[in-house]
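Shared chain: subunit A. Partners: subunit B in the first complex, subunit C in the second.
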Partner chain A sequence: MVKFMGLETENKEIENNLREIARELLKEKKVDVIIGYKKGTLPLLSQPIIIDSEEDIDKLIWNNLCYVNLAKYLVPRVPRFVDPEKGNLTVGVVSKGCVGRALIHLASENKINLDEIKIIGIPCNGVVNRQRIEMEIGEKEILEVSVLGNNIIVKGKNFEKEFPFDEYMNDLCKVCKIRKPPLVSKVPDLCVGECEEYSNIVDEFTDIEEFDSKTPKEKWQHISEALSVCTRCYACREACPMCYCNLCFVDQNKPVWFGKTTDLPDIIVYHLIRAMHMAGRCVACGACSLVCPMGIDLNIINRKLEKIVKERFDFTSGLDPDALPPMVNFKMEDAQEFMLEED
Partner chain B sequence: MTETDIKISIMANEKPRIGVYVCHCGVNIGGVVSVPDLVEYAKTLPDVTVGREYKFFCSDVGQKMIKEDIEAGLINRVVVAACSPRMHEPTFRITCKEAGLNQFLFEMANIREHSTWVHMKDTEGAYEVAKDHIRLAIAKARELAPLAVQKVNVEPTCLIIGAGITGMNAALDLTSAGYKVYLVERSATIGGHMAQLDKTFPTMDCSSCILTPKMSEISRDKNIELLTYSEVVEVTGYIGNFEVTIKKKPHYIDQVKCNGCGICVDPCPISVGNEFELGLATRKAIYIPFPQAVPSQYTIDMDSCVECGICAREDVCEPGAINYDDKPEFITVKIGTIIVATGYDEYDPSGLKQYGYGKYPNVITGLQMERLLSSFGPVVGKPVKPSDLKDPHSIAFLQCVGSRNFREGGNKYCSRVCCMYATKQARQYKEKHPEADIYIFYMDIRAFGKGYEEFYESAARDYGINYVRGRIAEIRENPLNHNIIIRAEDTLLQQPIEVEVELFVLSTGIEPKADSDSITTLLRIQKSADGFFLEAHPKLRPVDTLTEGIFIAGVSQGPKDIPDSVAQAKGAASSAIGLMAKGEVEIEPFFAVVHSDRCSGCGMCIQNCAYGAIEFVDDRSFGTIASINIALCKGCGACSGNCRSSAIDIIGFSSEQLHSMITKRV
Partner chain C sequence: MAEKILKKDDIGRLYSELEKEYKFYAPTKVKGNIAFKKISNAEEIELEYLNSKVPPKDVLFPQKETIFEYRYEGKDVIIEERKDLEDKLLIFGVRLCDAYSFKLLEDFFASGDFQDDIFLKKRENATIIGIGCNSPRQSCFCTSVGGHPFQKESTDVFLSDLGDTYLVEAISEKGESLLKKLSWLTDAKKADLTKSKELAKQAEEALTTKFDFDLVTKVLDENFEHPVWQEISESCIGCSSCTFLCPTCTCFDVIDENDEYNNRGRRIRIWDTCQSCLYTLETSGHNPRPAKIQRCRNRIMHKFSYYPSNYDCLGCVGCGRCITACPVNNELRLIIDKILEIEEKSGEKVSA
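And then the complex of A and B:
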């Protein structure tokens, strides 16, 4: 019953451009495959698609429901984009800002060879906060969604509801400073489509001001309450482009670092260790929160980390494939006063 | 498979049977906690089959108890709860080895330093802490695996940092044993502080007369690579295989062409304070520190030089040695052992306002007095008052300036040389001016060395030097003649005294070199609370450091006189020779290993490794993964701590071992 999806006015143009670029890339053999989004099986969703022939190009879409961070598909535990004869394939990735950042950061961790990548840059204006809308609709079934201007119109049997997009946008998108993929000066023809050069990113971190103003005790309470519903399904880990370890620490059994239960201490250990692993690496795509079946807002942890890394080390991940994440890079002038801080 | 390999594989597969040995350490442990109770507690823990106590397990009898249990097959893991592993881990490892047990199946619980010493007054608390330590050690012992030691060669070369009397003596001992020595000295000449002294107590032999022959011996010795005006800038590697980078500072004079004629000195228009004469004289911007300096080539002090070009003129420097564009030069050498003999700084008494140093011209320090007495000093051995350059008719010495001072800013230790040098200087002046009045104000006279007491007795009896026991309350200057008026209490007569003297000498003490921190960071050695370098054991290993292959000697280790410094130099040299003569040392196999299946090849450890010991390799089943070069790895653990998937373990401190300790603690 789904008639159309997407922001008719603006996104149609982007979508057409995208198909144009993709067609050209495939035609001129600049890439062997393209990873992008296609229409989802449910109204509020989209699906990733891998395209290797021109006839499938029209399946590519772009709208405000393209949540997934496609960079994840380039760091599988077994290499996937390999031709038995030709070797590694060149991949074009439909990239909003955070996908581009993820790709560039993964290159700094030797996961991606930027020479085998084409970033198809897209100017992103944010994705819809699916969970919030679903929560407000409640039990009723959504049959049709359209985003028109600033209105998200959700239709179902016997109901129709409008939501303002600027409010029902994903929280991370509201404060996003990197909407187009960053340009990499070292690899000039990496980016096709719309990319941008970024220098000195200024972020006020207004979204976590409220959290930051809490006392350590209140913060702890907030975090433990939010996490207490976690079922440890690891969807957040599976969606995260930075979670590519061969054997995740939670799955190790020699030694068993901590319990496998869903008791609060074990949940918290899982999330806090994962947070430490994300410090200076998270590209703020929000994939973890968007896939959480329990609707846990992990963005607060990630944004707080991003803020600490920015303030202490003046580092923004995913801009420069040669820059080392601060947790790896030791400089004599690194701020160290936090060692004495009680906070 | 060698015999050891077979043995190791057998040991690795045995079920752990742990023997726990709790030491009384005299009353150090036994006097605070109940050792029998600790043994009983240990026996309740899993896999513990034997628990014993003894007064001193480090003694032969104690070690024999452990050996007998191993040989009887009762145990295959040993836990000794006693002192610090720094102290006796090597002892007990050898015990295990001798009894046929792999020496790495041993673990030590430090219940002395970590429990009974720090919680001496809280016996119950100490008991709980000791229990924790024993439980942790047993937890780790259960996870221990037998390991094979690694042997590395020791390069037969020694680096000596500092060419004072200590460094020089060590160098000569090493070359006489046939080893190559790199002798690095920061200043433009060797000789150190001893070159500044006039005579030496108690024998009154002339300092330079006994020093300069040694200096020329150094410069003649083909096995000594003398690097003056140079500094060590980087030290990497480990015992037997250090790689040392030395910076040769630019002399701005070609050291090969310069023949030391000294014609350049007179025409040089720039005069600055002379460091060697402690500001009592001047030198030119082109200089040698003192006439007998070794090497005898000149140096330009570029901080003062205005590059007027006079010295570069052909009629001034005939060999054409001047080169204003001289650049620093860096050399890298392979070194087997290192001796640190960086010496000391004289205490600067300017901070002690009550003694007027720096304010009144006739207040000088002991080392300045030494230069005034020196026959090649600024006044050729006839001390004068700085105010009018006339002979003083009365001199007062004040002892313990900057030493034995428990107030803030002072040094608590005794500098050990001031009592004797003040006595010596007083005697020297008395010999030249028998009519002069000389006072020495002291707290107590420490004349501990061979012949020192006799020297002091004779100074008081035969030379008529007035020793006054008491600290000086205040001094002021007589504005008419710059004399110093001293008010003090003679504590023996219990009455205040006031004397007016023409020269006031502060017997300043010894301090660690102001920049000794750069040496500790460079060599990864420690300092004790007083700021001098820390020896491995205050009594039994006085010249060793806690870093293998690095030794300390002379005043850099603590205040001492010339005979003691030379004795330490010889000690350090003999320790270094011992290592190099053996030619190889065993190093602990505590390096990093990569679990290939866990590594995802992010390469962050490569960035992290300070020693460049990690590189990528292509593994057939796991793709590109990290791999450790164990010859370069120091086992520091930076890579292990940073690995998100805990794919790197440090042998001997593996995740499993540490995790087991932590969980047994919680």
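And then the complex of A and C:
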């Protein structure tokens, strides 16, 4: 696909299309409610919004600030997705590729019934790495964010700065191979809007070559340093569509398995054990990093996991609701050599 | 004592003279965010900042704090109390909203039958040097909670940034005795005072976010079961960014960590948060706040209803951290709007 359009035109087109689809879905009563994104009250944020009437359609937006993975609101369902009499409502979910993947993967774990949702597929063009922009602006207040050509324009009192979108896109979006939600052949009318059939995903993982070339000691150093400012608010966990446990391992207190402090060893144990639970399940939406109040970048860990799962099990999460994730599925021929390796 | 002038170039001198006597905490950049840390070099001080990510509350009430340590000697248990509570602390360059939060924290830790000796001792030994806020953010609303970008009362020494210099005022006795140690400070001129007043006025005018909290408290008290709470909590993902970055949140959890192989252990406290599923979980398994709706409501009720009835003031200093921190943009301004809408609607009904 050759892109001639500027980012703004592209966003407008995605937005118009998604509104049109949403309008039709509500009109024809193919869904009861729709969850999507709405303009935020702060320049670098958007808001999740739930609508059930055609009047509100124009509140739905697409820009490059739609970070949150909306699949989060389906597991468990927020109260408005359940009717006291009718039971589970049919929910239209405005879905970039990773939201679609999350929904399909959650179906493979029997957490979502795909008959009760509609994926409103959009051809995602990436989200902004807001923490990187915030940190580069530093101690100045950002008052306005707009798009011009392929640049993000950030304005405040007495300053204006341009950030080329291609560079300031979230790192995971830069290497994303699944920008539109995947088509599911078993449920042909699951996806409305732009979806795509994916067969074999080829990923060179060039983005983590540098990390991979480090020695185990250097890797440990890198991860320790990145995590050292963690306050353990668990925003990463709460924003993750795959973190749906009723009681997280780190919250279990009969007995207490893990230290609860912000001492570095306790922080690392939390993040690495959470990472283990993400192997073959992470859909690379990057929500965990984008919601972190301290701006910690967890993408390296996520990508490393993705790479291991791809290499050892040739598995990509969120493409097929019938494919069991490798950590759920035992096979005699599974590669096991990693147990003996140092990285 | 008359007002003094501190040249910006002389911050290093101030630091080197005071760091011998005090543990010197100041705003400094840590991984791209401003944080209050004990510094070891005046170069680390970053006074040109909006506000710190984590409030300076954590100097006196850190996220993890040892209450005491213990060790076994034969059959005896030896308790080792904290020895560092007598240290003199200096918290330098605090914004006024955060300086005011120390008063609220003190109210909480000193209230009732149980005095929190650890906090109160540290508070007593802490001297606070506040700094006027020349450019409040869009998310700031200190004037709505009884504060002001230049509110000096909660500080010991007050600085206002005049460009190349700071105007220095001693506010409390502690502040006066501190300034006596800095005899080299020059006297301020009348023009400096005028300029500081002018800056204060400009800062006040720059504040755009304003709330009528008397009305908010009234509406909250009458609408505990209102369906609006469902609406407010709907998009909340239950992360604790708002509470962990709040300068007035005081909840903590006490944990014993036993190191049985080394015959020792410690009792610690760590920040807790009303957004956590464990927060009010009872031993029986019952939780009076089982879902997001009760947890979201608790945070708002605590700040704007329980605080006024328990301490006769709002439990909020208007720093706006929860507004900017919320990753789903379910921010306080929108929440307050929704709460006030209840009143507007009921008013409409009456007049109709």
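We take it that the second predicted complex is superposed on the first by the 332 of 343 C-alpha atoms of A that agree within 3 Å, B and C clash if a C-alpha of one lies under 4 Å from a C-alpha of the other, contacts with A are read in each partner's own complex, and residues count from 1 in each chain.
Rule of thumb we're sticking to: contacts are C-beta pairs under 8 Å (C-beta built on N, C-alpha and C of every residue); 3 or more make two chains touch, one makes a residue touch a chain.
Remember, it's a predicted structure, so these values are computed and weren't measured experimentally.
Aligning the shared subunit A places subunit B and subunit C next to each other free of steric conflict. Of the two partners, subunit B and subunit C, it is C that touches more residues of subunit A. In the superposition on chain A, A:F159 makes contact with neither subunit B nor subunit C. Touch criterion met: A:T261 reaches subunit C, while subunit B stays clear of it. Residue contacts after overlaying the shared chain place A:K111 against subunit B, while subunit C stays out of touching range.
Of the two partner chains, subunit B is the only one that A:N329 touches; subunit C does not reach it.
By the document's definition of touching, of the two partners only subunit C reaches A:M135; subunit B does not. In the superposed model, subunit B and subunit C sit 110 degrees apart as seen from the Cα centre of subunit A, a figure rounded to the nearest 10.
Contacts of A:L247 after superposition on the shared chain: both subunit B and subunit C are touched. Judged by the touch definition given at the top, the superposed model places A:W220 against neither subunit B nor subunit C.
When the two structures are aligned on the shared chain, A:V229 is found in touch with subunit C, with no touch to subunit B.
When the two complexes are overlaid on their common chain A, residue A:M294 makes contact with subunit C while staying clear of subunit B. Taking all C-alpha atoms of subunit B against all those of subunit C in the superposed arrangement, the shortest distance found is 6 Å. The contact surfaces that subunit B and subunit C form on subunit A in the two complexes overlap at residues 79, 247.
Contacts from subunit B toward subunit A in the complex involve residues 597-604, 607-608, 616, 622-624, 642, 644-647, 655-656, 659-660. Within the complex formed with subunit B, the subunit A residues making contact are 77, 79, 109-111, 244-249, 252, 254-255, 257, 277, 324-325, 327-330. For subunit A in complex with subunit C, the touching residues are 40-42, 45-50, 67-68, 72-73, 78-80, 131, 135, 139-141, 143, 157, 228-229, 231, 233-235, 237-239, 247, 251, 253, 256, 259-263, 290-291, 293-295. Every residue of subunit C that touches subunit A in the complex is listed here, in rising order: 30-34, 46, 48-50, 53-54, 63-64, 135, 137-139, 230, 234-235, 237-241, 243-245, 253, 255, 257, 268, 270, 273, 276-278, 293, 323-325, 327-331, 333-334.
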